[in-house]
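Chain lettering (A, B, C, D, E, F and G) follows the sequence in which the chains are written, and residue indices restart at 1 in each chain.
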Amino acid sequence: MIKYFLMNLLLSGIWVALTGSMYYTNFLFGFLLGFFVLWIMNRNETDQRYFYRVPKIISFIFYFLYELIKANVQVAFDVVTPKYFFKPGIVKYPLNAKTDFEINLLTTMLSLTPGTLILDVSEDKKTIYIHVMYLTDAEKFVMQTKTGLERRLLAILR
Amino acid sequence: MKSAILQTATRYLLPILLLFSFFLLLRGHYFPGGGFVGGLVASIAFVLHSLANGTASTMKILGYKPISLIPIGLAISTVSIMLPMLFNLPPMTGLWFEEPIPVIGMIGSALFFDLGVYLVVIGVVLTILFTIALDE
Amino acid sequence: MLFTVLAGLITSSLLIPFGKLIKTKWSILLPFIPVVLFLFYVMHVPSIAEGTNFVQRVNWVPSLGVNLDFRLDGLSLLFALLITGVGTAIFFYGRTYLKGHIYFDRFFGYLLLFMSAMLGVVLADNILTLFIFWELTSISSFFLIGFNNDDKSSRDSALTALSITGLGGFFLLAGLILAGNIAGTFVISELFMKHEVLTIHPLYPLIIGLLFIGAFTKSAQFPFHFWLPGAMKAPTPVSAYLHSATMVKAGIYLLARFTPILGGTDLWSISLMVVGGFTMIFAAVHALFRIDLKGILAYSTISALGVLTFLLGLGTPAAIIAASVFILVHALYKATLFMVTGIIDHETHTRDISVLSGLRKVLPPVFVAALLAALSSAGLPLTFGFIGKDLIYEATLHFNENWTIWLTLLAVLTNVGLVAAGFMAGIKPFAGKLPSAFSNIHLPYPSLWIPPLVLAIFGLAFGLVPGIIGNYFNHQTANAIAGIETDMHLKIWHGFNLVLILSMATLLAGTLLYVVNKPSSSKLQMLARFDGLSPQAIFRRLARGLKDFALFFTRRFHNGYLRAYHLKIILFAELLLAYKLWLSGPISIDFDSLTPLSWYEVVIVAILIGALYIIVSAKSRLASVVSTSVIGYCMCLMFVFYSAPDLAMTQFTIDTLTTVLFVLVLYKLPGFINFTSKTVLMRDALVALGFGAILSLIALRVLFEPNTTEISNFYGENAYLLAKGKNVVNVILVDFRVADTLFETVVLSIAALGVYSLIRLRLKSSEKE
Amino acid sequence: MELLLVLVLGLLYAAGVYLILRRSLVKLLLGIMLLGNGTNVLIFLLGKITKGSPPVIDESYKVFQDIYADPIPQALILTAIVISFALTSFAIVLLKRVYALVNSDDLDDLNTPEEEDL
Amino acid sequence: MIDIILAILSTVGALSILFASIGILRMPDFYLRLSVTVKASTLGVGLLLICAAIMFPDVSVTTKAIAIIFFLIITAPIAAHMIGRAAYFTGTPLWKDTVIDQLAGMYNKETHELESNGGPKNSEGGSEPPNIAKSEEETE
Amino acid sequence: MIDNHILAPVFVQLFTAVIQLMFWRKTLTQRYLSVGGSFIGLLVAIRLFSRVYQDGILTMNAANWDAPFGIVFVADLLSVTLVLLTSIACFAVSIFSSIGVSRQRMLYGYFPIFHFLIMGLHGAFLTGDIFNLYVYFEVIIISSFVLMTLGGRKAQLEGAVKYMAMNILASMFFLTGIGLLYGLTGSLNMADLALKVRQVQDGTLVGITSCFFILGFGIKSAVFPLYYWLPSSYHTPPSAVAATFGGLLTKVGIYAMLRVFSLIFVPDEFTRTLLMVIACATILTGAFGAIIKTNIRRLFSYLIVCHIGFMIGGIAMFSKLALMGVVFYLIHDIAVKTNMFLIAGLIRQLRGTMDMDKLGGLYRDYPKISVLIALVLFSLVGIPPLSGFWPKIFLFQEAFLQTQYFFVAALIVGSFVTLYVIANMWAQVFWKNPPREEEVDDRFAPMQPYRKLLMVLPIGMLALTTLYIGLNAEAIVLVAEKISSQLIDTSTYIEAVLNKNNEL
Amino acid sequence: MITLETYFDFVILPILSISAMLVFIRLYKGPAIVDRVIALDLIITIGIGIITVYSIRADQQVMLDVAIILALIAFLGTIAFAYYIEKQKK
């Protein structure tokens, strides 16, 4: 899989060299072009993970950005209006993520989403404690996150 | 105090910061940066590591006591400064290779001097901070 | 001459390594040094008598005008003979007196040093060289007075003596340099020609004032006389040698030496007459109340020194002749009496004249010596003292008409006292019944009693044949002092005249006084009631006052509080700078030349000021630290705005590190406690704001002062072309000004080493210093 | 704007002076740091400040094409900052030792009577 | 066209930062302040950096901008986590309307270790009451 | 004349220190390195001195940038004389330290830091650049802090805190002054500044700027009313350290003052009056303090203050004669004051205390050492013809010429108090028997002979130096005269630094 | 006509500046030390924003180097505070 990624990078590099334009959009374009070429060439290979994963990553990024903006707007609204709408609380969240890298990525994502903030990870790395701004129901919040962010993230990583 | 998140983060922050410090060191002659800032950033990398994992484990990565970097750095600086005297030039005169080297640019005694500064700064900052941290 | 001066010095320093040797029978070598020197100077007598002067010049510090210039004339020779002659006697006497003393070698070391120094003083032909030896006499005297160093009173006396003579010495130095400056030379024989220049100079009073302080302290003139009785704590040979015969006369020598240079004015004469006159009568009276033999002798010495000063003050040829003779007279009889006292003390272990009596029976040769000396001091005809006294009266009688009676009366009264004192010291212990306690006393070694006897016999011989000393060579002394040819004809018999009547009357009155006066400790105690008014007490009070003031001053300024020091430093800076700023006039601001103002700068500055306020008023350390960081980051932003990226980076990283450091150390500390009162806070705030304002104003002024940019232009133009770098700041750091950077890294390294050792090093208690 | 910097440096000096007149060792340290900053601002200001023109020669040129900020004060301040850092860090550790010894940061508690001299 | 994009990006960025600032000022407790500020400011600065990347034609600027964004993204949550945890540890009170505090009593007092399941096992006074404030006070 | 080797004294010390750092914790090696390095340093200094004495001013353009663009190092006679004296003192202290400093301190970097300190001093004397001078000042300050606190007792920490705070304040004034100077002239090279300062239109600004240097160097050299750090700290560190401090540190302030006020700001009437007032007050302050102290190191500290006043007075009079006095005094003072503190250390070794009330009996027990010490003590007092006497002649002469009678009086008071306290010290420490014989803690007697020798040898060496200064005063006067002429007429210095030898 | 430059100067930079002011008020008020710490952290982040905009406005991309350093190491201060706030309580 890393082989494909490096190949893809090489292709985009060649593209940049060929066109002679160092502008970053050109590089991006070269990357997409390279991806497409690679995908075409390796359609019949057994290991197709790279070609699934890239779209997944892209869709995850958009998902994340959407969540980010949505929540940001919500918080921003709350911040500037005189009345507070939030119901904060600290929630215990059992982790599906196993490795350090997974946990780290998840916590970073969670922390960067407005309304949630990781306070700590338990010693055995099975639980995280999240400070949530808009908490109607702790169980519901845990379920939503599990099916939303964590599932999507793990899908990319595994 | 241990934080798993911080520990994991330092695992990739340490190389990033070190890389960045080299970057600052090498380009100092052309852009903002240089031995001082480079050394400071490098030492911050280790300080961060020690905050996350404990000073003992950072010392293990370093291998040597940071205090031993000080004479090495000073020696490099001093030698690069006295080298011109061999060519009957005043000490501290900049000596340069004729041709520029890719990425780094011109190689000269100034760079060695900066390298000495870089090492001294790392040695100094880490000696100070680790000494205090270990005195608990 | 140089060698004679150095002989003592060299031998003295040889005693440091060879001290043990000289404690053995080799000690017999010691007296030969003064003997040889004495003979050397005796050999010069004929030529000096003919009026020849010897000069020797050895360059030493020519660029300063300080050279080993020596000159032997009548005055120097008299003193040189005294120093070596009495020295010979003292060395023989002292060798026996101190036999077996553990510090025998040290004693003679000092004595030799002293002899050298004294010879140097009298022979020097350069006023600074003279001063050098002058100080050496003080120092050797210090060591000799404090010779019995485990005795507190010895130490105190030594200290007093050194303080008084030392202080006088510094005044003297100032005076000599001033005189030398005005005259343009430090060479004494050249100064003779500058009499006119010096005496009409407006600073003349200052010169002689300084000189007098030097001379009076050394020669124990009132009110500086009190160190001399204290100096009697020294072993008796020392008292005999230094504190009667030679060193105390250094002041007299100085006055005599400077008479032809600075003398001859009313100021000179009157000062000397007043001080000398008062001293001689004051000390003579005091002598009568003493019961300690040495005390009597000390006061009579002071009185005699007063007489000499007085005579020099009179300044007439007659007076000068009198002085030049009296110096010798006094030296001979006083040294004798001291040595006799030493023998008495040595044998009876007391010097109390109310206890001592009848010793003539057990110490006959000593008695002879003492008697001769006492009679000489009383001025009995046929003794040398008689001639001395005659000359004194001669001098007073032939001074200014209006004063004759008073001056003569003064001289007579003093002499009456001196006669009585001389008898008390020289006759009283030997007269009367021998107490049983002293009956088993034996005559000591001849080497102890021969020296005084010899000196006493000299006193008699010179009296019998005054011509051999006086007319032959002493008139050269007088010539040297007067600076002109004097007319000296010493005779045993002048005929029956007023002077003789006065002499006889003095002798009679003195004898009567001796018989009537019964000094006792009760009288002494009565006298002690006036001690509070004595110069000694006044000096002591002054010294204590000075010490108290010193304590007050030191405590006041150096009170242990760092903030108080800072306050004083800052206030001083403010005063200085404010004064300068005030002088420099109004400031004009050229607004057009300023860079435009931006929003973000104002905000950053506002934040910075806010952070400053937090720091200044914070109750919590961490809040202060956070605010310090804020200031650092604001500075960083300012550096970014004003085109200093390197600075911004460094400021930021270093600030972050400092914060980490602070936090590492501070978390243990408790919160600030406010100890200080509101008023103090207000005061400090005012001081601080004042300082800030001053700095701002100065910066503002300098800001609008045009400057050249030659160097920074050079850097800009050559950074790449010559130094191959484009970041000019970095090029400066690693090339143009690399020396700064190298040593800056050294500073960093030292700090790190310091931190390391400060934390790690824990000394064992035995290693603490 | 220069006047702003003039104000800043005055206040930095003032605050620094105020703090070194206090009893607490921590405040003393902070005061010293502020004085250092004040001095830096003064040097920076008197080197004649300019905006938006760092003394870095453009990549494509060998000499400056435009005005540039005076690099000398910057180099001086850089040195001064590093030196201050050295002093400050040593002083901070000194503070730590003092605290360990007298259990406060009150300078008056540190005063040692003369009787304890060696 | 590009100017309009830049204007929008920069405006959104600046406003995010402004909201973060208002948030840190207005929010009633520390955790809320922390929660609001971390992401809003990261987002805001990120957007401004993207503006810079677009404005400067050089690749180096783009890479720098990306690097900065990347560094901010990885460091900001860590910093927030560390300080939040420290605040909780030192008993910084939660807002009075806080709904639930499942962290209460989970820390081992001596070792500072955090348990994962079933609340505190070690006796030590059992489950601690949630650390919810009645009013704001100086807590140092 | 250009000579690329004039920094050799600096480099010798730097190398010694760096190599010692490489032998961290090997105390024996460090001792050998220290003595060896100091010895080489001394030889180098002698060579440099004789070269400069014969050939005149030598310069070295660091990094080959002509003055005023780079940092120039200048060896004029004043510099090399001080370098030579510092080297002598360094050699002596280095030997003394090998015995007089505890092994624990050596384990934690005593020697390297000592050599860094000496390096800083050499650098300060040799540099021709005002900011570079500041850097050396900082080297000196930081290394002296460290030496002072090494293994600190409470009193040492107290001393160090005060020393630190006030010295940093001094640096602040100094650096501010440099900033103002740069603002006025755009230059940092001292010779160049000399020329450019004269072109500044607003003369009052130059005056104001000079005040900052007076303040900065005034604190450094411990003058009234800025002296507090000195008596607060000098009695605390180990004697070898105190010796370095006492002999050399305040003198750097005097050196800097001499340099800056001869070259850049020629003292005007106001400055001279100010300095004269300061000088008199300093002498009295030192004298008062010295009278009341019973601890010999505290006493010496105040004597340092007192004698600094002499030198400041000379600078205030600013004439050839006066400066000869200052330079002579400086030379004498370095040798003597260093030795005084070594002696204090020896006395402590002999008796276990430095309090005069508890001391005694040295003359009885150690007569030869006592004689040696007496020689030094009386040199300090200026008993003629020992070294302290000669410079006073110049000072008196010039004071009379300029009718500075207050200064004459202060000189007399200062000299007298010095005499008194030293004589008193002699009586207390050497003559008097120890008040409690049983409490005498003689650590010297049980030492091995070679260790005894190593302790006394440096004192003897310095005493010989002092003796030479006193007895061969002519040589010193000649040196002082040359230096003084160079200080009065700085054109040779300026030409030597700024000569465009490329164009010649 | 409103150019992007004037927009940055008169809209974006003032907003950022005001934000910094507001955060500083929090830093001033506290109340807890952790509040001050996060305020400090936010000020630095805003500083990065200001530097970015400034570098655009001054056309000085070297200033972004400063921003990189800020972004990389600013959190060290926060972590140090956090570390020792906890330690202090221990």
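Heads up, the rule we're going with is that a contact is a pair of C-beta atoms (placed from the backbone, for glycine too) under 8 Å apart; a residue touches a chain by one contact, two chains touch by 3 or more.
Chains and their UniProt names: A = Multicomponent Na+:H+ antiporter subunit E; B = Multisubunit sodium/proton antiporter MrpB subunit; C = Multisubunit sodium/proton antiporter MrpA subunit; D = Multisubunit sodium/proton antiporter MrpC subunit; E = Multisubunit sodium/proton antiporter MrpG subunit; F = Multisubunit sodium/proton antiporter MrpD subunit; G = Multisubunit sodium/proton antiporter MrpF subunit.
What you see is a predicted model, and the numbers here were worked out from it, not measured in a lab.
Listing every chain that touches chain A and chain D alike gives B.
Minimum number of contact steps separating chain A from chain G: 2. Counting steps between touching chains, the shortest path from chain A to chain C takes 2.
Judged by contacting C-beta pairs, the busier of the interfaces B-F and A-E is A-E.
Ranking every chain by how far its Cα centroid lies from the centroid of chain C, the top place goes to A.
The chain closest to the protein's centre is F, with centres computed as averages of CA atoms. Look at where the CA atoms of chain C average out and do the same for chain D: the two points lie 49 Å apart. Distance between chain A and chain B, defined via averaged C-alpha coordinates, is recorded as 35 Å.
With centres taken as mean Cα positions, chain F sits 27 Å from chain D. If each chain is reduced to the centroid of its CA atoms, chain B and chain C end up 61 Å from each other.
Residue positions 16, 18, 20, 30, 33, 37, 39, 60, 62-63, 65-66, 68-69, 72-74, 76, 79-81, 83, 85-88 of chain G each touch two or more of the other chains.
Each of the following residues of chain B touches two or more other chains: 1, 3, 5-6, 9, 16, 30-33, 36-37, 41, 44, 47, 67, 70, 74, 78, 92, 94, 124, 128, 131-132, 135. Residues of chain D found to touch two or more other chains are 20, 28, 42, 45-47, 51-54, 56, 59, 72, 78-79, 82-83, 86-87, 89-90, 93-94, 96-97, 107, 111, 118. By the touch criterion stated above, chain E contacts chain A in their complex at residues 15-16, 19, 22-23, 26-29, 31-32, 34-36, 38-40, 42-43, 53, 57-59, 62, 73-74, 76-78, 80-81, 84-85, 88, 94-95, 97-104, 106, 113-117.
On the chain B side of its complex with chain G, the touching residues are 1, 6, 16-17, 20, 31-33, 37, 41, 44, 47-48, 51.
Contact residues of chain C toward chain F in the complex are 16, 19, 59-64, 66, 106, 128, 131-132, 135-136, 139, 142, 146, 149-150, 152, 155, 158-159, 162-163, 166-167, 170-171, 173-174, 177-178, 180-181, 203, 546-547, 549-551, 553-554, 557-558, 560, 562, 565-566, 568-569, 572-573, 576-577, 580-581, 583-585, 695, 698-699, 701-703, 705-712, 714-715, 735-740, 743-744, 746-747, 749-751, 753-754, 756-758, 760-764, 767-769.
Interface of chain G with chain E (complex): residues 4, 7-8, 11-12, 15-16, 18-20, 22-23, 25-26, 30-35, 37-39, 41-42, 45-46, 48-49, 52-53, 55-56, 61, 64-65, 67-68, 71-72, 74-75, 78-79, 81-83, 85-86, 88-90. The part of chain A that touches chain E in the complex is made up of residues 22-24, 27, 68, 72, 75-76, 79-80, 84, 86-92, 107-108, 111-127, 129, 131, 133, 135, 138.
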